[in-house]
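Pasting the structures here.
Each of the next two complexes has chain A plus one more chain, namely chain B in the first and chain C in the second.
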Partner chain A sequence: MSVIERPTTGRAATKWMRMTGWRSHTAGVDAAGLVALALLVLVALLAPVIAPYSPILRAGEAFLPPGSPGHLLGTDGVGYDILSRMLFGLRSSIASAAIVITSGVIIGGIVGLLAGSIGGWVDNGLMRLTDLFLAFPGIVIAMTVAAALGASFSSALIGVAVVWWPMYARLVRGEVRSWAARPHLEAAVLAGVPWSRRVRRHLLPGVTSTVVVTASLDVGGLVVAMSGLSFIGLGSPAPAPELGSMAAQGMEYLLQFWWIPILPGLGVLLLALVANLAGDAVRDLLSRR
Partner chain B sequence: MIMFVIRRIASMLAVLLALTIALFTLQELSGVDPARAYVGANASAEALERTRVQLGLDQPAIVRYFDYLGGLLHGDLQNSLRTRTPVADGLSTAFPATIELALWALGLALVLGSIFAVLTVVRWKGAGVVRVVLLSGASAPTFLLTMLGLLFFYGQLGLLPSGGRSSYGSTSPGPTGLFVLDGLLAGRVDVATDAIWHLILPAACVAISPAVAIGRVLVDGLRINLVSDHARTARAAGMPEGLVMLRHAVRNSLGATLSMIGIQAGLLLGGLVVVEKIVSWPGVGSYLDKSVQASDFPGIAGVALLLGVTYVVLNTLVDLLQVAADRRIALS
Partner chain C sequence: MSSPVPVVEVEDLRVTLRRGQAEVEAVRGVSLTVGRGEIVGIVGESGSGKSVLGLSLMALLPAAARPVVTGRIRILGTDMVGTTATADRLVRKKHIGAVFQDPMTSLDPTMTIGNQLAEVTSNRREVVRLLTDVGIADPETRLGAFPHQLSGGLRQRVMIALSLARNPSLIIADEPTTALDVTVQAQILQLLLDLRESRGCSVVFVTHDLGVAAQICDRIAVMYQGRIVESGDVDTVLGRPEHDYTKGLLASRIDLTTPRDRPILSAHGAGSGDALPAVWPAVVPGAPAVTIADARRTFSTGPFWKRRQLEAVRGVTLEIGQGESMALVGESGCGKSTLLRLVAGLDTPTSGSVTVAGDTGPQMIFQDAGSSLTPWLTVGELLGERLSAAVPGIRKPEADRRIAETLERVGLPAEVSRVKGASLSGGQRQRVAIARAVIVPPTVLLCDEPTSALDVSLAATVLNLLGRLRRELGMSVLFVTHDLAAARIIADRIAVMNHGRIVELGDAETVCASPTNDYTAALLSAIPGRELRQSHAAEHGDHSEERRA
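For the complex of A and B:
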């Protein structure tokens, strides 16, 4: 039935998109994105080994420009080595994005799965709750939660995690409902297959690829959002190396020593761009199947 | 239709109530002692205890919540730990500054997004370049864009001011607190143009990422509508392509775009806070930043409430507008 009733405008639009090259990623771009992300993750994991200096100890004279001997990216107003701090900052950015995405997928996945597969008042209640969270401006709530718990790395994570799950809950619920309406699941219900087995064998595998695609497309935005939180002081407190707070602390030197606040910002941009490319790659790979 | 409006407003009130409960709970979690804030750090234990009873802080949480809610309804957002003055006073001077910046940012986002969408859809040759620039802009953290903007337009060219709202002092020459509007109302064109020069950089930096999101939704809508049956019929009847675009494609794409604007308005708030901090814009974001630096939770909660209420009310309005534009939505 769904095959026959596919709306013609939709098909025409896809054709149009193909014609105009909107979202025409080649396999080369996809591969480059994935490789670049893998490299960044590797560099972040190896930060303690690669970093030439400690991120929180004076490494030399202050205000050394990029390219100075021994300090590839220069030093900041205290004399910290910027490259070392950025490597550790990258590490903390990647770690926090991974933690928030994982927690969002797990919490949102459980809520969506329960709501979509049980239905009835459970569905109603859980979705009301989800809608409530979605009705707030997420970033403001994240800031408030992080501030209430006191500025620290884990507060920022909790703050963002609190607002990051509802999108997944809604997505998973929708997917589960559409899967549950398919003939093989109706047959499973009639055959008396228990709920837990239906979820495990039929629903979970069905929603996984959609969730993975959405989650991988989210990483870039999440990295940027969390760097914003760190920038206004909601993150690990001072000397801890975070890209956002590094930029904030270097702000006063912007006009004389531009590299101090700009380089950490470029670090965030690099990570976000690579994450977006890799996210597109994941989408292309999974949707081609 | 009327039922829809009533339901939508009721749900808005429920959301706002939930917001106050959330903020109250967070305040309890934050461990801030309002009595301490009231009397100051050096007060005696006795005075502290007296104030605590006076303020009703010895009551159970539920009673205190209703006190808090009652206070909110009278515009009492508690006292700031940082300035020891009412949060509401601080925010009432900061809010117009943020409103002005936000309106300009949203307007710019709409203009940029529409230009981007139309150029893409009519397959203008340079659209690819515009797309790459906007997309990388949207991937960049707002603080990076703003700093690069300052570095170039202030540091290198000396074209734009380094920050602040106006070169004519901090009070607006008119009743609305919006410098551009007030400047024009008071016949002070110099004040208005000066305010625009101050607005351009921060507004543009906040606008880029919503512009891309709005542009994308608009592109999808335009593409689908341009190849739709009614557009084809209009063309067959001899309607010029420009009119088809305007009457049949743009108009039918407005609904989804409007929803996107509502969503983006929420995301824009995060960008505003960051930008205000960098260009010392005397708005709600700077207030929040100062509150965060001073661990002043009542100040933070006041900002969250103000922005939360603005966002929720705005989104309700967007929904109602959509129904006004397309009654079918109310039925579904």
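For the complex of A and C:
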């Protein structure tokens, strides 16, 4: 009696793609997205090593156009090297996205898990609180919090983190509820599995894939939101290198020295695009599993 | 009017479906003819290709499976293979009506049934006449109802009305009564027979249930692995089956004459090799294992300003002895599952009490074994978890040994412990669920329709397994089912439930042979396939002889 369904034999490449769950028609784009994101993260991590100049020290003449000798992307109005500043800006964008998403997943995950698995008035209370946060426009709350805490990198982080968790709380609660309706949890109750283990082993693994997918798709949006705060002056104070504030400070030169505001803007665009492609890739990977 | 052209002519039909990279030859060279006014049953177990054949007749094979169809299908002389989708649709529109298993999903939930019928006939009087034809009382007021406001039987009647609207020559019914209660099923079958009389349409009736087929069909074709292995007149095929597969199906079929003092003799299928005694040893019930005293469970529904009370269980008193097997029989909504959950401790009674003796507590197996197994955990992890919850501090080698032992006990190889539920078949999953329930033998094993989602041969082996385990382990069993025939096999005593109360309680054989309650009698008379039983009764003796050899 054959017990285990073995995958049918096939060419090695298609077999690998099937095993990893990659659909052939999107596999190329998926792979490109993941590789590009990995590259951007690597570049950001290595920024202190590969940046030709310090991001906060004058590196040469002001207003040098891109392609100038020694300044690949030119210099800005002060004479900072734009490439070096963008590398460090990328670094802080990626770091802030990672921090906000992690905090959102943790806070939202705990709230959603408690609400979904305990139910009753706990569920009601936590979900109404979540609704309260969702009822206000997110960016306005983020701005208020960041402004109240004073312009700095960490207050911008806190501001965005405050509005980011409710989505995860909702998502996790919904997933928990739908898994909890399945008989396998009742079977675990009858098997005498304690509550904490039931949540950990019979509930959480079902929730993770959805959360991971949402989180990875969220990175792009977060990069834009954080850059937005930085653009309106709620990020780190000058001269800290942030893509949003670089674009903002360069706005006055838009007509004569277009590269000063446009290049950091393109940086945000590139990062958001790559993050979204990578998010799609993660979704494709997990949806087939 | 007799026409020389048969309604359906299928010649050497082959259908290949694709799922991802895998190709499945679902139908492998089937030939079939359906004459005018004939009801032809296509009988087989899941995966036999019967539904694919039914869908091919309507040219409704799922496009996502990229079906490849060769051979010939002619509906009233019009080819259906290798034609355009538009041409197929015209044939369907003119000649074919379809009735599917679950009318809830085949009716549009956002439209009233009046509007849905109006899509096929714009004449309101015609709509009302159709509903009257399918036996819906007070059709005028029903027109404004949405599908979810109707009972399952009424929904299926609406579906049949829809399929009749174009006055088709052929109705293709795919398991139309499987989701229905047995008394409602009897009504729907009668309706189809009446419609054949009054309208002269042919019916292709796809089913897994030999009893239903025996009741309604003129001819049947038995399908197995994509082929028709046997076909002919109902009485011939079911009375004197030629093919081993048909014999096996008939043997594992449970009816009210199946001997209950011994295991059901299933001639094939997974688990037919289980070691079973020739005759069950007698069980002497001991002290009460489960005591239910005037238990009531009331649910409140709706918002608080118009809260309604729904009494699911209305005062049940029941005692199950240690080692005794009790079946709780009733139709959907009678409160039997609620009562089972009360005994399981998954729910508490509004008033009254439920006590279970012993300290291992009750264990339960569910109707859908697949969803009762946590999808990302292996069988070994699930069994190990139960073991360590019941035997704190158990060592790994000892646990592994008991897991292997228990898997063997339920007829599964030990390597099953390394796989997840999804890679097992339906029957194997139910065995895993049983293994988890009995790895630490409980005082009472609760079974919530564990066989109703399984094919007959698998259901028979699961019933045998439960019969053996309860005797080996001295467990009490509370078996919830809608099927009196299965209840009679598995249980020492039967409790019939209706509207939240137990209306009849007694020895299994007595309840089935001479019911004292009208409702029990109605349930018994609605069991399909009495014709089969009568024509088959003489045969029964030598059947068991054959299989002994």
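Note that in this section the second predicted complex is superposed on the first by the 264 of 289 C-alpha atoms of A that agree within 3 Å, B and C clash if a C-alpha of one lies under 4 Å from a C-alpha of the other, contacts with A are read in each partner's own complex, and residues count from 1 in each chain.
As a working rule, a contact is a pair of C-beta atoms (placed from the backbone, for glycine too) under 8 Å apart; a residue touches a chain by one contact, two chains touch by 3 or more.
Quick caveat, the model's predicted, so the values are computed rather than measured.
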Which superposed partner A:Leu114 touches (first chain B, second chain C, both, neither): neither
Partner chain in contact with A:Ala247 - chain B first, chain C second, else both or neither: first
Partner chain in contact with A:Ala281 - chain B first, chain C second, else both or neither: neither
Partner chain(s) touched by A:Pro205 [first = chain B, second = chain C, both, neither]: second
Which superposed partner A:Val189 touches (first chain B, second chain C, both, neither): second
Touched partner set for A:Val100, first chain B, second chain C, both or neither: neither
Touched chain A residues, chain B compared with chain C: B
Where chain A meets both chain C and chain B, residue numbers: 10
List of chain B residues in touch with chain A within their complex: 14-15, 18-19, 22-23, 26-27, 29-30, 120, 123, 136, 139-144, 147-148, 150-151, 154-155, 219-220, 223-224, 226-229, 266-267, 269-271, 273-274, 277-278, 288-289, 291-293, 295, 297, 300-301, 303-304, 307-308, 311-312, 315
Chain B-touching residues of chain A, taken from the complex the two chains share: 9-10, 12-13, 16-17, 20, 22, 132, 135-141, 143-145, 147-151, 220, 224-225, 227-228, 231-234, 244, 247-248, 251, 254-255, 258, 261-262, 265-266, 268-269, 272-273, 276
Of chain A, residues touching chain C in the complex: 1, 3-5, 8, 10, 14, 18, 182-184, 186-194, 197, 201-202, 205-206
Touching residues (chain side chain C, partner chain A) in the complex: 20-22, 270, 344-346, 361-364, 366, 368, 371-377, 382, 385-386, 389-390, 412-413, 415-416, 419, 423-424, 428, 433, 436
